[in-house]
Amino acid sequence: MSRRFWRVVVLVLILAVVLYPLLWMLGTSFKSREEIATNIGLWPEVFTPANFREGWQNFDVSFGRFFANSAMVALLTVVGNAISCLLAAYAFARLRFRLRKVWFAVMIGTLLLPGHVLIIPQYVLFKQLGWVGGDWPYLPLLVPQFLATEAFFVFLMVQFMRGIPYELDEAAKIDGASPYTVFAHVIVPLSRPALVTTAIFSFIWTWNDFFRQLVFLSDLQDYTVPVALTLFIDSTSESAVGPMFAMSLLSLVPVFLFFVAFQRLLVEGINTSGIKG
Amino acid sequence: MAISTAPPAAPPAGSASPGPASRRGRGGPRRRENIAGYVFLSPWLLGLMGITAVPMLLSLYLSFTNYDALSDFSAVEWIGLDNYREMFTADASFWHAVRVTVTFALVAVPLKLAAALGVALLLNRAFRGVGLFRGLFYLPSLLGGSVALAIVWVNMFNRDGAFNSLLGLFGIEGAPWVNDPRFALETLMALAIWQFGAPMVIFLAGLKQIPVELYEAASVDGAGPWRQFRAVTLPMLSPVIFFNLVLETINGFQGFTSAFVLSNGTGGPVDSTLMYTLNLYIKGFTELRMGYASALAWVFLVAIALITVVLFSTGRFWVHYADGEDR
Amino acid sequence: MHRAPSPRAVEPTTRHHRTAFSGPGLRRRLLAALVTIPLALAAAACGDDGGDSASDPNKPVELSIFWWGAEGRAKLTEDALALYTKKHPNVTFKKTWQANQGYFDKLATLTAGGDAPDIFQIDDNYLTEYASRNVTLDLTSYKDGGKLDLSKFPSSLVNYGIVDGKLAGVAFGENTQGLVYNKTLLDKNKLPAPTTGMTWADFITWAENVSKTAKVPGTQDPSADYKAFWVWLRQQGKDLYKDKALGFTEQDVAAWFELWKGARDRGATPTADVIHEGNVTDISKQLVVTGKAGTSWVWANQMPELKKNTKDELGVVAYPGDPSAQWARASMYFSVFRGSDKKDIAVDVINFLSNDPEAAAVLGTDRGLPSNLDIRKAVASTVSDANMKVAIEVQTELGAKFGASPQVPLKGHSKVRAELIKAAEEVQFGRQSPAEAAKAYFAIAQAAIGQA
């Protein structure tokens, strides 16, 4: 048997284990309310699509609205992170400037403080900046993304850029290129894997981010998917596990498609760039 | 590997304001690069000064107060080092949470990275449907820390859950994993490892960046797959491995969401999943002791910073950068 | 005010930060630098208990209101608020609702930012926390002045909203402890149903018998359940809190844990891991619903919601022991933010929602039995849900026997609750003896409420 064959066999076996919990979730989303409480098996005794219908229409606002809100926030976050973090990463990875190491250490430092103690100070700050309670409630969620505050992505891009052979910069510099030209003509084209990775993660994490979106969004109209998903289960009064599962699964579809589409760029990234070692 | 110019020694902190002004090399390429550095850094610097730094410093200040998460900041009372003293001398839950967190990180981080690298290597070859495979392996991570996840995981690792059915096939008698204080942390580790998608994608991207020519050259030299892995893949991938190691270590220590949803925000059964940040959250928001929680956060920052520094200094010995600089 | 803080505002603090411990002068400067921004808020955050400055009563006003709950509650609340707007077209509402997960985190954040909603829902877990920090408006003068009519409320329910002599919240719904049992299971095995007033010993024997006959553990072990512990304490002449201290002793805790250790040893309850499942689960997965125990310890008004998740018939009685130890508990309150600049209208809205027959009919029993007794009667006669009917009947029957309500739980109550679960589970999992766990628990509970 060929190596390729065994590779696929191994992958399928691992995949079966990895996907079982999700299959269980899928099966459960087709169970009736009573069956969810009592039948813990993979397959429903009676298939019913009611959870999907109910979940979609459960609120004054259709669930589609939440999808649209989340998509908008996630896409803008992707754009903001990609641009701002790439700029910062180029400086850290390729340019020699004063206090570089100090700033780099500070950047890593901002990754380390647990976010829960920052929520209240941030809220107070954003309120003071006039971002809270305005006409557009997404400012506190989005402006920071355009200022490279997600140090994770800066660090990620720095690490990737440092893998790009330095001769390319040197060659361009000998030809008289400024740092700006090097950035535009050497670094940006070669940073595609880093950019794609950043795009994928920004999108997915924003899609799943709960706490900050919960704090800053106050109108049902503005809620995003993760906030809306929690509306199904109020542990003291009422819980609609079935519709919640159904909507959770649906919410995986856009991120899954986003991922599959973008990972293709990961593959092609290097082939088209024609990098020489 | 390329040879780069050595980085200039950073001037002593404080001798220059963070501006582009430079006394030496006026108009030279170095000055130009210095200016360019700050130009490119400016969005990040603005974000740091305007958005990140103020809340961080405020939380540092609050860590010396009895702040209660309800009042406004002007009403807080300065209590000096009391929070820190209480943490180290009087709060058993602090040390317990440290133990839980270190155990979690020591086991879950290496296993998660190994799983991610292993699957990334298997998925690094082009074959039909590879994109779909990648997506499917990423699916668990897409669930993030949603409420749905908690319900799913409890049902997998319950007394009558799927995992015990699987064990039953081999004649092994299981345990009520998630509901048993002896094993609940292990189910949390399993969850972390199950969501290996993020480091996997980063590994894949890193693997894609390794020039094919290097493998061709190694192959010409008669190197087999294992030699190629050792001689080409590992060193070329080392910046990315390093990145994943640093980030997953930080993530592992900060692990909150899964512990929160799995235990319904309690860290139970009997504190067996009381991760450090979960303990911090409970102190800050449930018990409304945000000053104490801030102190917990800053102790955490210092501890993780030390671990990160250690990781960075070991990086010198095994991480290879194309720009030839060891950081 | 709306500009980004300049880097200069931050710099001095970084420079002084190493010496910040050295004296009050430097400390004040540190604070001054850091709080330049937030301090401006102080004015907004500190309110007073007076009314609004006189203004045109027909001026358009938007009130913010915040509650937790599920979709059903949202619909009812929105409809009831719409009735108010219909009568007062100048008053509209900015409504925010979410499930209970994260509710108090968000409320705390908003409050800290001086941004608490004009009207917000709160429960007895947090009422004292908010009231003692002067976040809630003292409604006493409104009550005395007739602007807030609580005359039709049972007095115990009004009193259960008073913290340190201030009326901090208006009860929006009454409930009381209810022991829900699986009627179908009992009938099938020809077993008697539990009854109100049976002793704890009789109840445990009954549960043991259910376990033996029906092969389903007779009852969830409530030793981790603060409300069961509380009722039991009151039957011993004790209480959860007394003034600013705990109302029980270490020995009481040990006896309580001992009682249930005995029950577990006799097989009256499930195993520890299943008990834990019941301790942490939400309402839809209570053991009586999932078939893992014959009874669960809940609030009586949760019956209809339990029923939605099972095909079996359910019944509800009081907790064991003397039912007069139970009380009319406010399932939740609405409070007015002391920093609000629309206090009078906010109080009027609460008054309307409590006493207007039409609005109260819309709200129904969603938050518990209506507090206003006239309205309760009217609503009870129109309820169609059979399980809600049963719950109301049981609660009304118990209502005649209710004792005086206890004081509102002290600051630190949520920790007192959480630590009881932990301590009880230490015993359930056999990691500590009842005496050991009781000792540890008592010390932690004392510290939690700040009792010396």
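Per-chain residue numbering starts at 1, and chain names A, B and C are given in the order in which the chains are listed.
Just so it is clear, contacts are C-beta pairs under 8 Å (C-beta built on N, C-alpha and C of every residue); 3 or more make two chains touch, one makes a residue touch a chain.
Predicted model only: the values in this text are computed from it and were never measured.
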_Counting hops between chains that touch, how far apart are chain A and chain C?_
1
_Interface ranked first by C-beta contact pairs_ = A-B
*Furthest chain, CA centroid comparison against chain B*: C
*Go ahead and note the Å separation of the Cα centroids belonging to chain B and chain C.*
37
*For chain A paired with chain B, centre-to-centre distance based on mean C-alpha positions, whole Å*: 15
*So which stretches of chain C touch two or more other chains?*
4-5, 37-38, 41, 101, 105, 108-109, 112-114, 282
*Among the residues of chain A, which ones contact at least 2 other chains?*
120-121, 124-125, 210, 230, 232-233, 235, 241
_Residues of chain B whose C-beta touches two or more other chains_ = 46, 50, 54, 58, 69, 72-73, 147, 158, 264, 285
*Spell out the part of chain A that touches chain C in their complex, as residue ranges.*
33-34, 36-38, 58-60, 119-121, 123-125, 127-130, 132-133, 210-211, 214-215, 218-220, 227, 230-241
*chain A touches which residues of chain C in the complex?*
1-5, 37-38, 40-41, 66, 68-75, 78, 94-102, 105-106, 108-110, 112-115, 282-285, 289-291, 302, 305, 308-311, 366
*Can you list the residues on chain C that touch chain B in the complex?*
4-7, 9-10, 13-14, 17, 21, 27, 30-31, 34-35, 37-39, 41-42, 45-46, 101, 104-105, 108-109, 111-114, 129-130, 133, 135, 271-274, 276-277, 279-282, 412, 414-415, 418, 421-422, 425-426, 429, 431, 448
*In their shared complex, at which residues does chain B touch chain C?*
46, 49-50, 53-54, 57-58, 60-61, 68-75, 78, 80-81, 147, 154, 158-159, 176, 179-181, 263-266, 268-271, 282, 285-288
*What part of chain A is in contact with chain B in the complex they form?*
4, 7-8, 10-11, 14-15, 18-22, 24-25, 40, 42, 84-85, 87-88, 90-104, 106-114, 116-118, 120-122, 124-125, 143-144, 146-149, 152, 154-156, 159-160, 162-167, 170, 173, 178-180, 183, 193-194, 196-197, 200-201, 204-205, 207-208, 210, 226, 229-230, 232-233, 235, 241, 244-245, 248, 252, 255-256, 259-260, 263-264, 266-267, 269-270, 275-277
